[in-house]
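You will see two complexes here that share chain A, one where it goes with chain B and one where it goes with chain C.
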Partner chain A sequence: MPYHEFDCSTCIPERKKHAVVKGPGEDLTSCLPLGYLNTIPGSISERGCAYCGAKHVIGTPMKDVIHISHGPVGCTYDTWQTKRYISDNNNFQLKYTFATDVKEKHVVFGAEGMLKQNILEAFKAFPDIKRMTIYQTCATALIGDDIDAVAAEVKEELPDVDIFVCNSPGFAGPSQSGGHHKINIAWVNNKVGTFEPEITSDFVINYVGEYNIQGDQEVMLDFFKRMGIQVLSTFTGNGTYDGLRSMHRAHLNVLECARSAEYICDELRVRYGIPRMDIDGFGFEPLSISLRKVGRFFGIEDRAIKIIEEETAKWRPQLDWYKERLRGKKVCLWPGGSKLWHWAHVIQEEMGVEVVSVYTKFGHQGDMEKGVSRCGEGALAIDDPNELEGLEALAKLKPDIIFTGKRPGEVAKKVRVPYLNAHAYHNGPWKGYEGWVRFARDIYNGIYSPIHQLSALDISKDEIPTGRGFLTARMLSDSSLSDDIRNSQVLKPYDGKFDPIAGLRAKTYPDFERLARTASAAATAAE
Partner chain B sequence: MSSETTSSEAMSSETCEIEACESKFCQLKAKERIGTINPIFTCQPAGAQFVSIGIKDCIGIVHGGQGCVMFVRLLISQHLKESFELASSSVHEDGAVFGATGRVEQGIDVLLERYPHVRVIPIITTCSTEIIGDDCDGVVNKLEEELLPVKYGDRDVHLLVIKTPSFVGSMVSGYDIAVRDFVKKFARKTEPNGKLNLITGWVNPGDVKELKHLLAEMDIDATVLFEIEDFDSPVMPDGSAVSHGNTTIEDLQDTANALGTIALNRYEGGKAAQFLQKKFKLPTIIGPTPIGIRNTDTFLRNLKEMTGKPIPPSLVKERGIAIDALADLTHMFLADKKVAIYGNPDLVIGLAEFCLDLEMKPVLLLLGDDNSSYGDDPRIKAIQDGVDYPMEIVTNADFWELERRIKDGEIELDLILGHSKGRFVSIDYSIPMVRVGFPTYDRAGMYRHPVVGYGGATWLAEQMANALFTDMEYKKNKEWLLNVW
Partner chain C sequence: MDDMTKTASPTDGIVVGGLAVPIDAVTHDRLEQMVDYIMKYCLWQFNSRGWDRKKQNAGIIPRTAQLLCGEEIARETPGDRYYWVEAVSLAEAYRERLPWLADMTREEIKTLLQRLHERIDYLTVDGSLNEELTVPHY
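Showing the complex of A and B:
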């Protein structure tokens, strides 16, 4: 077995099976780390908790909802303003967070009464918001509050409101992934099928496992709308509460992040017979294949092809400009879960970089199966990495850049490895054709930062170059390029806007004629 | 105005109702709603974690779910743009059901094995492990008898339990408790060291630098709790830099031998100062938070009183430079500007006092927890007695207390002072804001600048003025005023 043992982890031998190096000719039967097991205490793992997996990752991107956490104030405070899941309703869900603020007396005497008071206060403060989610935390799970009963009581009193309860305390599972699972199941059990949507297209999907980081969802919705597809709901980025209650009426579940949201797709298939189609919005080729797949499902592949041709013609020269300059650069792809396989092969193929390591904080073995199989030979794959292992890997691999979270990014900075935020992005969105170019642009800017280059100089020992007052990224990146590429009239660097999302929100879309049979079927059904 | 020499005054943090205040203009009241809409504070373990990173060769282990550490590390990282080491006992479902002391034992062993430099491990409890009733003191006793002598006999390792249930107090009391517990654990009477204990409270690297500058000008040797200047750490050519605090165990031990203690913040470090006073009979001064000219003057007077060292001409000049800068701003630009201030209580009070000296009008002070002793704070009483315009001080406050008043037109503000979590109030209501306190992740380098001392006074006033100037320009509101300034 090609397990990789870190020097820093020899004293915790159980770690040995959590890292592998993919050797020549090896496949997943021999090269797969363990995953999603309990964390070793004191190892300084990067994992979060099941509360954050439920509330922070999946619940909160829902935009027209009061999100209350039932517990002491810290769970709410600490997770608030640490994500970039925007929405087109002025970011209500980013700006407002609610905590019941459980105190000692409530722990002793119960917190159900104060929970009810909290709910009423919150609806009173925001009279236009009629939807609410309530998240259990460690404290209120342990004292055994019956949140469902309180929610039911309020719904009796306030008939125009609807409340969703998610019981996913922080300790419920090895990582945030436990919370993803719990909220998926709670939503399909309690909310799907409780709202009837208006169907306006022959082609109706749920877009699942998409959190609208820096506008990703809005980029993807643009494609779907251009294809005449009605997106009934997005689970959950920029999604509406009632849209998500009507998921049962879709013809197809289009699944993006299979780590965090495959559960609900699988349940929707079992319970409502809605097929699941896994797609990928990252990268020209995966995205093009995805749009064609969705098109083919509905018999409108021509619409997809038109979009693909338009977008590719516009953005390919820009992507290739970066590819020529990123070729052979070494990358550590250290995200949370699904991006390790969403990105592993495609950044290699489309940007020319070499993925020397993948890791996952909360992924399962299935994520590693996909990730490892998409990596090249010699890649180091790590499950539930910890601080020292990360540093050891950086020292050994000497990557040119690392894609990871904000705080681990600060660790990388100290060992002079530039980082990009894999969760929240640097200057996203990174989905879509333009987004993918933006990602390439961000990687380029990180690797060829003149300041980063200066960080290597030890002015006490090294010869200090005095010939220049400045360097540009372009000077650094283009010095080894051929004249043909450097002077290409076809290739060009990214020329889009700082914020590409504002334009999308103002856009209008053509009406596609409804097919006669479905339109009349709908009319018959309505009668 | 607010120097306060404590004798036997108790600073209770138990919850009880705050007495209705008698002031004609300024009301001190608790938030009426029970719930929290956009919290100003986080919970106790965060404060304890912030203290533990200030100590050299110390890695705290937070006993609870993993989010209690992961997100606090992120929060600290958002503020300082650095990463700090903190561990979790990673309590999962089985631990929550059957007890999780085994997770702490294993966690400490793993930490000690993999971090050979570690000398101190505080076990920081959380809501979950306080509710399940894990006996962490028992764990420490057991490990001190078994694991430490057997496996780590050649190392000098210290364990302590810091009890910070999240459902009591706030990050502020968590900080206060942790400072006290570290001092209590280590302080040992040996020989007088002639040094001063300076307990800073929850401040930034820039504040510590400024305070040490004042001490150096006064020629005073001090043990600073905590030495966090290096929280602002470099990128070194060899990649060797690590961010951590530099207060050592020896520094903590030696606090018992000081000639006295000055704790700048009543609510963040006051408990430790009282402990040293009671246990080792050290002369003790708690407060004032040296924000603004007047409070810095008092701080220097206290230093002089405790050490017998004179205030040197260099500080007279430095003070003069600050006064010169403030005189350019106060009556021309800052006078009568209405300000809301929120955050850690000592910071808020210090800022309010300084704003009053600058002819400004703090109209709303928000303190984010339910500490019942705020009503007894002589500084708050003095503000209540001293102001001659409507002002509110709200305890147990959240950001809705601020936003609702603005939204409903109950207050009109010219400026907001506070940390980044309140940024959307400023943005959505177009009110200029100066970021101050913890955390300040949406402005660059705020941790590098002091708010204390004469340097801090100048920087603060200039930040406020510049925020108002930018706002005048964006809103085309008498922006020409600056033409001949």
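Showing the complex of A and C:
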């Protein structure tokens, strides 16, 4: 087994099995790190807790809901607004955060009464919102507050509201991934099947494991609507509470982030016979394959092909402009979970960069199987790294840029490695054809920013060149290009809008004839 | 193309079900190309549990073989329809990327895809190091 031992972690020998180098001749039966295990004492992990995974990753992107944490205010406050899962209802779920603010006296005497009061006050403060989720935290789990009982009482008093309780305290798993699991199962057990939706198309899907980071969901919804597909629910970005209660009525579950949401798709397959189709929304080719698969399932592949042709013709020259300038740049792909496999292969193919390392904070071995399969030989794959290991890897691999979260990202900046925020993005959306070009542009700007010329100087000892200006990004990126590429009339940098989402929200879509309608019209005509 | 699937030099054959099966160099190379595409562009082979992976592999790879041999596939149930969709995608990609398929007989294609099925089962289930494959629940 090609394990990699970090110098900084020799004092934590268990860490050795959490990193591998994909060497020549290695395959998945010989090269896979351990994963989804409790963090080893002594290793300062970058993980979140199971409450955070349930609430801040999966629950809160639901847009028409009051999301309350039942616990100390810090549990919710410390992660409030660090996410960028926007919504088309003026970002209600991002603007307001609710917590019961449990204190010592509640730990001694119980906090159920206070929870009930909080719930009633919250509904009163926002009379238009009739849906709520409540999240248990470590403190309220340990004191044994019966949140379900309180929710049931409130529902009796306020018959027009609906409440979902998520019992996923911080300690309920090795990482945030434990919380993803718990909320998936709790939702399918308690809420799916409790609402009957209006079906408006012959082709109905749930779009699952998509969190509308900077508008990703809305980009994909645009494609589905152009194909005449009804997206009954999105689990959960920009999704509605009642839409998600009606997931049982879809014909197909289209699954994006399997790490956070495969559980609900698997359960829907077993309980309701709805197939699970995994897709990749990132990258021209994987996205095109994905749209065709969805179209083919419903017999409307031609509609998918039309979109693919239009979008590719429009955006390919811009993607290739960046590809020419990013060729050979070394990348550390260090996201939380699923992006390590969504991006590992396609950024190499379509942007010309080289992935020298993949890591995951909370992924399972299944994620590493996909990631290790998709990256190239020599890549270092790390599970649940600590900060020192990250620094050691950066020193050894010397990447030109890393894609990661903001905590390790800020650490990387200190050693002068530019970073892009892989969770919340820089200038997203990054999904879709245009989004993929925006990602390439962010990588380009990250690598070639003139700021590195200044930040590389140490003012305590280096001479500061005051007599000359900075080299621009373009001067840096184009210096080694051939004249053909540099002066190409076909390739061009991104020319899209600052905000591509506003236009999508205002868009209207063709009204496709329904098969059922056509059939009944034909029957009437025949009578 | 770099890949994850080179386990042995061609003359050593491939490992299937824990056993090294001798195969000729051409077949070995062709299998590697087929496995490589699945690993880079597909996700269905990586469902979370071992029994589920076996089911997925059995649902999709033999159907791909049928399509490559020009056979019709039933798609009455949603589940059948899903397998058919994945199989069509795979068969199309293979036809586009693997020109040598056009020169093979139906018999040869079926035998090769049978080997592919065994190989994917081995890489993703029987020889897998993933300790979560045997967890009883999703």
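As a working rule, the second predicted complex is superposed on the first by the 500 of 527 C-alpha atoms of A that agree within 3 Å, B and C clash if a C-alpha of one lies under 4 Å from a C-alpha of the other, contacts with A are read in each partner's own complex, and residues count from 1 in each chain.
By definition in this document, a contact is a pair of C-beta atoms (placed from the backbone, for glycine too) under 8 Å apart; a residue touches a chain by one contact, two chains touch by 3 or more.
Since this is a predicted model, take the numbers as computed values, not measurements.
Chemist: Is A:Q230 in contact with chain B, with chain C, with both, or with neither (first, second, both, neither)?
Modeler: neither
Chemist: Contacts for A:Y36 in the overlay, against chain B (first) and chain C (second): which applies, first, second, both or neither?
Modeler: A:Y36: touches chain C, not chain B.
Chemist: If you stack the two complexes on chain A, which partner ends up touching A:P286: first (chain B), second (chain C), both, or neither?
Modeler: A:P286: touches chain C, not chain B.
Chemist: Looking at A:E26 after the superposition, I want to know if it touches chain B, chain C, both of them or none. Which is it: first, second, both, neither?
Modeler: second
Chemist: Applying the document's definition of touch, where does A:L252 land relative to chain B and chain C: first, second, both, or neither?
Modeler: A:L252 contacts chain C only, not chain B.
Chemist: Is chain A touched at more residues by chain B or by chain C?
Modeler: Partner touching more chain A residues in the overlay: B.
Chemist: Is A:Y96 contacted by the first partner chain B, the second partner chain C, both or neither?
Modeler: In the superposition, A:Y96 contacts chain B only.
Chemist: List the residues on chain B that touch chain A in their complex, please.
Modeler: 15, 33-39, 41-46, 59, 61, 64-68, 70-75, 77-78, 81-83, 85-93, 95-96, 103-104, 106-111, 113-115, 126-128, 131-132, 165-168, 170-171, 233, 235-239, 241-243, 370, 400, 404, 420-421, 423-424, 428
Chemist: Enumerate the contact residues on chain C facing chain A in the complex.
Modeler: Listed in rising order, the residues of chain C that touch chain A are 2, 4-8, 15, 39-41, 43-44, 46-48, 52, 77-79, 81-82, 85-86, 88-89, 93, 122-124, 127-132, 138.
Chemist: Which of the residues in chain A end up touching chain C in this complex?
Modeler: Residues 22, 24-32, 34, 36, 185, 251-252, 258, 262-263, 266-267, 273-280, 285-286, 289, 292-293, 296-297, 341, 345, 364-366, 369-370, 372-374, 376-377.
Chemist: Flag every residue of chain A that touches chain B in the complex, lowest number first.
Modeler: Interface residues on the chain A side: 8-9, 11-12, 38-52, 68, 71-82, 95-107, 114, 117-118, 121-122, 125, 137-139, 141-143, 169-176, 387-388, 405-408, 410-411, 413-416, 455-458, 462.
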